[in-house]
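These notes open a run of structures that come right after.
Next, two complexes with chain A in common: one pairs it with chain B, the other with chain C.
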Partner chain A sequence: MNPQYDQLYQALTKVVGYIYPNEIELNWSILIVLYPYITGLVAGAFILASLERVFNVNALKPTYVIALLTSFAFLLVATMPLIFHLGQPFRAWEIMITPHLTSAMAIFGFVYIWYLMVVLVLEIWFDYRRDLVIWSNESKGVKKWLYKILTLGVYDISPEAVKWDEKLGYIVTVIGIPSAFLLHGYVGFIFGSIKANPWWSTVMMPIIFLFSAMVSGIALVMVIYIVINYIRKQKIDMLCLDTIAKYLFYIIIIDFTMESLDQIHRFYEAGESFEIISLLMSGKLFFTLLIMQIFIGMLIPLLALGFLQFYKPNEKLRRMIYLVTGILVLIGIFFMRWNVVIGGQLFSKSFLGFTSFKLSLIGTEGFLMASIWLVVPFLILAALLWLFPPWKKSPSEH
Partner chain B sequence: MPSQLKRLLVLGVIIISLFLLLKHLATPVSFGQYGHYRGNSLNEIAALPVKYVGSKTCVKCHDSIVALKLEGLHSDIQCENCHGPAYLHIKTPKKDKLFRPDSREFCAKCHSFNKARPEKAVTQQDIKNHHPEKKCITCHNPHQP
Partner chain C sequence: MAGTLAVSAVLPSFNAVLFAATKPKKGPWYGIAIDIEKCIGCGSCAKTCKIENDVPPEPFFFRSWVEQYTIKKDGSINVVSPNGGIDGFTQKIPDNEIEKTFFVPKMCNHCSKSPCVQVCPVGATFESPEGVVLVDEKYCIGCRYCIQACPYGCRYMHPTKKVVDKCTLCYHRLKKGLNPACMDNCPTKARISGDLNDPDSEISEFIRKKNVYVLKPHLNTGSKLYYNALNQEVR
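And now, the complex of A and B:
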């Protein structure tokens, strides 16, 4: 049979009920799931860092730099899923040179560059500047040159200059908090503003994305902190870990409330799209939404962390619980993105039918490709930790 | 002003000027001529070869089939719906043969039962049980079913 027809008719077997022809195939697949997931991790990790810096939560000091570097490592990869999804990597920069000021999607290039260059890179630079100067004197070979270049030729590490680093870094962080909100609120906005899709179109979307971003970012830093200390065989700062977990607990509560509010509103309103959406939630999304996102990713962590707020078992057990809940939360938020992105495309805008989605293993939109973009940030983070070890930094004042 | 801030400002100015220079040099000439795209792309796309030539083109060489089809229930279906794009075939018919869709699966694409398909538009047939041993075209002439 003609292969073209073959594909079309194979595709038709995935359909239930009545759907429009352009809805059979999901245009946004796993790479677009990764994009909000990764940017969320970036924004969340950054907000954890700013808690220490701007809101003076001193217990979080040990994770300040780790959180910043994590945020940076993930930000470097944040555009990759998009670029690979679009399949025209050599045209990616055109989004910058032909800016489209009234398109929310097209403005991403600038939101991204702002956050990368003006917020993260600057904050890390100010934080590391003194150490870069010291390390450029102490180390040898390529590393020496790298540090030298990164100092940008400013070798002044007098107390006044360092004080300026502090001050400027603080200002950047203050600018950074709204920027982190902008970056991830923006991602939610893109979905929330698609008025044709009742699963996405809600003003709550940016806020839900923000809080879930904080949840995932904080969980990520918590997990990374535990793992780093395990690898380096260092004693973990339990106060710090408890504090992170406390914030994680609070923010999960807020996130859970927001998401429930959104759903309750949908139920109560019971608009014309309600029937298809309730079918979606109890059918195609049953596993990813009710089991993975809500049960595994929210209720269990909430119970575990809530329990630890009142009762503190010994350190080893607590660490174990934190590690496991951290990972569960990360999985849960991944499925939250999945349910938004994939779920929103599974039902027909006629509200009369469904298509289905099967993740392939290989190919540009496959599982392996997606895994690569989840592993790469960790490799970058490892390289960053090796080049700029936070534990070798001279102690800072903030 | 502290020295590190001075250095950063210089660097910032350099980066922004480089960006503006790049924007100036790399923006395509006809960009924005009509809208937020390259004006020239309209002509480039219009100049691409047309692959579907339409049923009228076939009359010249297959007049009997065209006439046959016009009388039957498949009269609304374009030749190329079944035979595929013919832009090469009409120039070199001996070399570029068209697809001969003679399998049962092919007819089933339009005629098998499918809830999503309006029943009045295409007659639906239970393909599994409708004379399963033979090809559809042994009994139905595809051009006049």
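And now, the complex of A and C:
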């Protein structure tokens, strides 16, 4: 039997209550879970970088470039799960060529290109231009030529030229902050604007997505910073790490408040979808929502980081707590995306029943494929760090 | 604030009625009417639809289906649609427990303010000048956003074409002056379709004379599928 039908026949046996017959198939699967997850990491990491650059949080200096490169590495992969998910991936370019302007999704291509080309690439280029010129003189072979090409023929590294790089880079970052907000707030809007689905349709969705993006991006950079220093056997700048953790703590509080507000509002208002959503949360989503997202991904990190705001144990223990907390937060936000995307499709729009979802191991929508899209950005990041090592950069003014 | 300003700038004052009336002034504008009191749950409509439109036979893909609602004496509701009702229904609840039971045929509502048309990122799903919501299968990218946006569960991903498929109101037949296949094959004439712009059409008369209701009216989709005797429990 066709494996797709096989899966659907199995799902059919697990239907609870009544669902519309076309609802047995879950239309947005793990790849669409990854899409907001990855774009969230992009936006969050970028916002952390901006904190240093625009808001002059000097303690964050050691992570500025790492945050930018992380953001860039994940952005390069952000569209891949989307394209692979399409029934007709070769028609993906139609979104850019003939966008349907009433569609929230149609704007993604433009937001993405804007963010990639205008914000990230430009900012990284301005930040690295002087180093590219220096490295192109010092390196040999392919690397030399690569650096040379990347300078785009601008070899002037006089103090005045470097000052211009600084100035223009600053302007790009200032433009970048609303762009990062736009990128992820907009991803939230894709879900939040679907009035057919009460689990998605909330005006809070873009805001929740935005803050959860910041939470995940900051946690990611924190983890990467710890791991990089561990691999390079370098001493971690604890002031930097404490500062990241402090921001992470504050933003988790905001995120937690927003998400709680959304749920409290939903429950207090108790509209027609109230019963089915209560059943969804206490049943199908019990593990992924209450245990993974809220308990593991939010409450434990909140307690751990909160504790560290008042009591500072030795550096080694603190590093360990930050590493574990960061990983827990990343897992929690992954499940947050899961609960939005998958959770929103588990109940019927008839509000009378549930379908089921089982993640398969193989196939384009399988666990392995999804893992690849999560691993690739780290490989890209490793390559970027090798090619543009932040620790070999000449010191910048900002 | 900005939204309020934008809306008030676009809409002429005291013309909120515009929201409800989006009928074009010229040409036919198709709608559907279903008389629940006449439906016997034979499933002919769903079966005919699959044959006429090459809808995959598996029980996960439907352009048209029938639901059986049973409201029990204890107030609980039981809804079933085995294989979309194609094979008919067998009432499994004992008679003495049943308060009332009825069939609700479902299909695309061909909304005039279709959420599916709104969200399609490439404009592959569109409303024809006659008010029929269609999908251009040579253009659809298969993102399935429209499936998510349809409140009535009327769309599905075609398993082999890999594009979204849905009821076309048998557009190929309409263009030849024929009725949709499901309408012609309904033995009790429980479903009719026709021109809402023509005050003398059967459907216009049906809507005028019966107490008709659309599904999920609060979603303001501009549904053009009108039901007679629709129970409030139906969603």
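Here is the rule we go by: the second predicted complex is superposed on the first by the 384 of 398 C-alpha atoms of A that agree within 3 Å, B and C clash if a C-alpha of one lies under 4 Å from a C-alpha of the other, contacts with A are read in each partner's own complex, and residues count from 1 in each chain.
The working rule: contacts are C-beta pairs under 8 Å (C-beta built on N, C-alpha and C of every residue); 3 or more make two chains touch, one makes a residue touch a chain.
Note that the coordinates shown come from a computational prediction; the quantities given were computed from them, not determined experimentally.
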Chain B versus chain C as contact partner of A:T98, first or second or both or neither: both
Partner chain(s) touched by A:F351 [first = chain B, second = chain C, both, neither]: second
Greater residue coverage of chain A in the superposed arrangement, chain B or chain C: C
Touched partner set for A:K284, first chain B, second chain C, both or neither: neither
Contacts of A:R53 with chain B and chain C, given as first, second, both or neither: neither
Which of chain B and chain C A:L12 touches, first, second, both or neither: both
Partner chain(s) touched by A:R337 [first = chain B, second = chain C, both, neither]: neither
Those residues of chain A which chain B touches in one complex and chain C touches in the other: 2, 5, 8, 12, 17-19, 98, 100
Residue numbers on chain B that touch chain A, as the complex places them: 2-5, 7-8, 11, 15, 19, 22-23, 26-27, 31-32, 36, 84, 99, 101, 103, 105-106, 109, 114-116
Chain C contact footprint on chain A (complex, rising order): 2, 4-5, 8, 12, 17-25, 27-28, 82, 85-88, 91-92, 94-95, 98-100, 102-106, 108, 190, 193-197, 344-345, 348-352
Interface residues, chain A side, partner chain B - complex: 1-2, 5, 8-9, 12, 15, 17-19, 96-98, 100, 117, 122, 126, 129, 152-154, 156, 160-161, 164-165, 168, 353
Partner chain A, residues of chain C touching it in the complex: 58-62, 65, 67, 77-81, 83-84, 106, 115, 117-123, 139-145, 147-157, 159, 161-164, 219, 235
